[in-house]
Amino acid sequence: QEPLTLTIGVQESGTVQWEIETIKSLGLDKAHGLNLEVRPLADSRAGQIALQAGAVDVILSDFVWVAAQRNDGNLVTMVPHSLTVGGLMVPANSAIADVTGLEGTTIGVAGGPADKSWVILQAYFASKTGKTLPEVAEARFGAPPLVNELLGNGGVDAALNFWQWNARAKAAGMHELLSVKTMLAELGVAEPPPLLGWTFTEATAEAKHDAVVRFLDTSFTAKEVLLTDDTAWENLTGLMGAEDDAALFAQLRDDYRAGIVSSYNPEDTSAAEQTFALLARFGGSEVVGEGQELLPGTFWPGYRK
Amino acid sequence: MATGPGLKISIDEKRYPGSAAPTFSGFKAEIAPGSVTAILGPSGIGKSTLLRIIAGIDRDYSGHVTIDGQPAAEAAPPGFVFQDPRLLPWLTTLDNIRTAGTGVSTEQAMVALGKTGLSGQASLYPHQLSGGMQRRAALARALTLNAGLLLLDEPFVSLDRTLVEEMYDLIASVAASSGPTMILVTHIVEDAARLADRVLVLSGTPTQIAANLAFPQPRNQRDRDTLDTYRRLIEDAT
Amino acid sequence: MATGPGLKISIDEKRYPGSAAPTFSGFKAEIAPGSVTAILGPSGIGKSTLLRIIAGIDRDYSGHVTIDGQPAAEAAPPGFVFQDPRLLPWLTTLDNIRTAGTGVSTEQAMVALGKTGLSGQASLYPHQLSGGMQRRAALARALTLNAGLLLLDEPFVSLDRTLVEEMYDLIASVAASSGPTMILVTHIVEDAARLADRVLVLSGTPTQIAANLAFPQPRNQRDRDTLDTYRRLIEDAT
Amino acid sequence: MPLLELLSFPILLLVWQVLAMVLAHRLFPSPIAVGQEMLRLATEGKLLADLAKTLWRASLAFILAMLIGTAIGILIGRKSWLDRLFSSWLLVGLNLPAIVVAIALYIWLGLTETALILAVVINKVPLVATTIREGVRSFAPEFDELAHAMRWPATKRLRLIFLPQLMPFVLAAARTGLSLIWKIVLVFEVLGSDGGVGYRVSLFFQFFDITGVLAYTSAFILVVLAIEYGMLRPIERRVLQWRPAQA
Amino acid sequence: MPLLELLSFPILLLVWQVLAMVLAHRLFPSPIAVGQEMLRLATEGKLLADLAKTLWRASLAFILAMLIGTAIGILIGRKSWLDRLFSSWLLVGLNLPAIVVAIALYIWLGLTETALILAVVINKVPLVATTIREGVRSFAPEFDELAHAMRWPATKRLRLIFLPQLMPFVLAAARTGLSLIWKIVLVFEVLGSDGGVGYRVSLFFQFFDITGVLAYTSAFILVVLAIEYGMLRPIERRVLQWRPAQA
């Protein structure tokens, strides 16, 4: 089998590197007849630009972005990669016992007012108390590490952050009051939605169909390995930034495993649709773009697992 | 009638950075209160430098220059006509005159402009004035303050003969009314003969006083003979 | 021996923006090739303006000014001594002289400096020169080019009597050797009497030629009587 | 002829429109599309509120930075020992990435308005100071002599000889300064704030909504043009009227 | 007294060290820690390669932007009809967010070195042009008259009267320009490149590794200091030696 070449663009600092490293160290791409080229990127915006500029074939992106782009006429499509979500963190000795305790506090939010977790938290808060969270609590928006920092030094009372930053906070003694997964479940979204996915244009899917399929196979194989094989994690400690911190290592590994996608059925998109609808209702176009529902084709029909 | 200050000048050494010989070395002079002293001497001898030292602008020398006993730099501001007009280009002629001191009123400034024949130019900017007009504006500015000490570096250059006569009268009337001490640097023998009661002629390296002539005042401007004598005396000395 | 160009000046109207009256209106003059013309007149009458028009700098007027038949702005560059020294502050004296034309050699420039008594100042910057030195440098620059037309706006100001004599000799020798057409604006009767073979006296509003005197050349500089006559003639005319 | 001034901007729009029509790319919207979007965002969206927020931040930071920077620039330019001692500090300040300053201030002062404005000011001051210093160094010494002879007090010197000579440098610093400050504010609003043009632009950018980005940008540029032609130019004309007219 | 110049930087380091010791905060590393990290990154990491990449980009962009910006600034400053026609374009250019330019160029030219450098140049040119224009407008008309009388050709005018009068503005534009360009390069390296200081700094930032950020920043600042004291100041001294010494 002649190896096919595919270029993916991934954030050099992202958790996705754990999977890439596994693929490379085990030679999984070669095994699937794929020559996987990896272009490191600085951040997610760089990924979007690289995809638009045609510098890479595949990037990692969230499904809301894909839906919004499709709505805008930019025909991109995706296959799920990760289910991990963030959660609401509080210090160990916090007086906040549950979500109603957020009233009158200052909450640090990673990203900004349009962050998806923040919208979901507002929906959840409204369903529990009937009040509008930003009116009864003060929100401070900032970059993820900044939010963690402020949680650590008392600058905020609670923090809504991404999962890998929460893992670090947990390792530093903070505790998760409520995960976004729980919030979604109580809001009626039973299954966790596939927030992140491998994203490519339909044109690429057509022109490099086989290469894309082989890449997805490779990816799912790697996920399988990471899910079941502890030894595969051993040489990832450096990438994880947990060389001499066993607790952090375990925390990151377990949280990562909890979010691994192990199957994919392009017809079963109900979790994504429900989440999208929720986001559209509570967040509006700032969060989901101009479209009000998840357009068909957001998830690539050309693959299943 | 107030009388201007007396000056004691004693410059041990004044040397410009980078130049081989000092401009002044062991230079001494005294200037009597209320006198009009004309300074003559070849180009580049140090006349303007001397005025800058007296005005307290140049302090990069060793020695003592006192004005009524006070160090030059701390004495009251002199009225100074520089060798170039040195008007502030961003102010009108009128406003340039008004910078002479705090609280110079428009009327005062207009009077000074009138005396130098610039009433019509009050609202023009310096670059709109002719060369002679600029110099007259500089003279008007220096006279506005009624300073006790007037330092005039070739003030009558670029003026036609009629104007020069008017300026002689103006200076003579200032001398007569408030009696400031005046130091007048000039190359024109006539200037010295008409206005000065003392003439210092500079020469040599380092600069020394080569001649020190005293002319009795007050003189009669119509008395051509006396003026001719004075003229001849100065010409002989230079 | 080349002879300088002849000038035909006919200014229908020259009015500065914003000023009520025109500076020139219906002004006509002719200047003979190779002549030395002195222009006298009260401060602010328009002498410098006239030189700027002849040099082709000021083109904001109606009328025709031709130099040997060519429009002023297109004629060969004149040697111009402005009323202020106008040296480029960022160039040494020597380099300032060398800007006069393309390919002025250091030797040529040094010769010009020597003639104006500035050999020792070649490497100084303008701000390090005394007022009189700056003016001599400006004169040296204007003479360097051996231009056919020399425009001199009060070139001998700020010079002591000895230097003025030297400059008279210098100008006379230039006139004798290459015979340029020279226009000399001055307020000093002596300048005109010594150098000019024609004297134009300006006056009035708008400016007109009030007197046009011709003095036969060559003259003997030692001939005091003739000079005295000339002097008196000019004084009477102004 | 103010005709050229009036035509200048329409011509730019025309060029843009023609380019947009020739390229016909999703990411290169025409000015008409951008104009419509701007109108929509102003009426239905939060454009006006965002613009107000950003303008407030930018103008406050601008005024503070100009005042402090000019003062520092004059001091360093006049006293050569201060220059020798502090000009390497100025260089460090110039080259310190905005993000470092922002992080430090956000951590110490929290994600507050004060922190944002202070961060912008700290970022901009070295730029103003550097420009002004060059201006001060180019001062003509003869006016200094004049001031000296007349024994002018410091304030009179400042008003009569420093500021007029500094004017071109102040104008350069002001014109480039406003634009730089707005760009820095954009960056900081992305890092940590809950509104303002920068924040919204980064949202648009997430969806590659270039039309939205340009709508916001154009709104800001319109404000800058209004400031330029309504304020800066008239002031400039008054302040610089002494200058001989140029062709 | 070059003593002050030599002391300037050490004093800054001392102030920093003392502050770091007083605050003793994990996110406020001491200069010693930063120095060690710099050394480590230089020997084991990619600091030198990143620095080389960024320097190359910044210097090329700097030279191009200075040349083009100066030319435009002189043209607009001299011809008032050009100014009237194009100064609003310049304002638009000044206020166009870097990100818009970056996206446009990356998408049209791909993620290439050319696109990056071009984007930086486009971003910087209006700044240089604006500064130079103010300089040109402040030219003394008497030197123009002189040049006119002597019939100097354009090149001689440029060399003998324009450039010397522009010098303070060029110096201001160069000093602020280098720092601005490096900051823009940082942003653009984040958006579309796979190496360089900006790229690495944004990675450090994602882990809140302030020591790493400062190590890279300091390395660049050291280069700038070397350029300043090794090149800019000596050139400046030579070019400006005509100026009367100031106290």
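Which chain is which? They are A, B, C, D and E, in the order written, and residues in each are numbered from 1.
Please note the rule applied: contacts are C-beta pairs under 8 Å (C-beta built on N, C-alpha and C of every residue); 3 or more make two chains touch, one makes a residue touch a chain.
Just so you know, these numbers come straight off a predicted model, no measurement behind them.
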Lowest number of touching-chain links that must be crossed from chain B to chain C = 1
Remark   = Interface with most residue-pair contacts lies between D-E
Query = For chain C, which other chain has the most distant CA centre?
reply = A
Query = In angstrom, rounded to a whole number, how far apart do the mean CA points of chain B and chain E lie?
reply = 50
Remark   = Per the C-alpha means, the centres of chain A and chain C lie apart by a whole-Å value of 85
Centre-of-Cα separation between chain D and chain A, whole angstrom = 38
Remark   = Residues of chain B that touch at least two other chains are 84, 127
Ask   = Which residues belonging to chain E are in contact with no fewer than two other chains?
value = 27, 103, 107, 141, 205, 208, 244
Task = Name the residues of chain A that each touch 2 or more other chains.
result = 45, 52, 143, 146, 149
Ask   = Once bound in the complex, which stretches of chain D touch chain E?
value = 1-2, 4-5, 7-9, 11-12, 27-28, 78-81, 84-89, 91-92, 94-100, 103-104, 107, 126-127, 130-131, 133-135, 137-138, 141, 167-169, 171-172, 175-176, 179-180, 182-183, 186-187, 201, 205, 208, 210, 213-214, 217, 220-221, 224-225, 228, 240, 243-244, 246-247
Request  = Quick one: which bits of chain B touch chain C in the complex? Just the residue numbers, please.
outcome  = 16, 18, 40-44, 47-48, 83-84, 128-133, 136, 153-154, 157-164, 187, 189, 235, 238
Note = chain D contacts chain A in the complex at 26-27, 103, 106-107, 110-111, 191-195, 199, 202-203, 205-209
Of chain E, residues touching chain C in the complex = 142-143, 145-146, 148-151, 156, 160-161, 164, 242, 244
Request  = Would you tell me which residues of chain B are touching chain D in their complex?
outcome  = 52, 55-57, 76-78, 80, 82, 84, 86, 88-92, 99-102, 125, 127
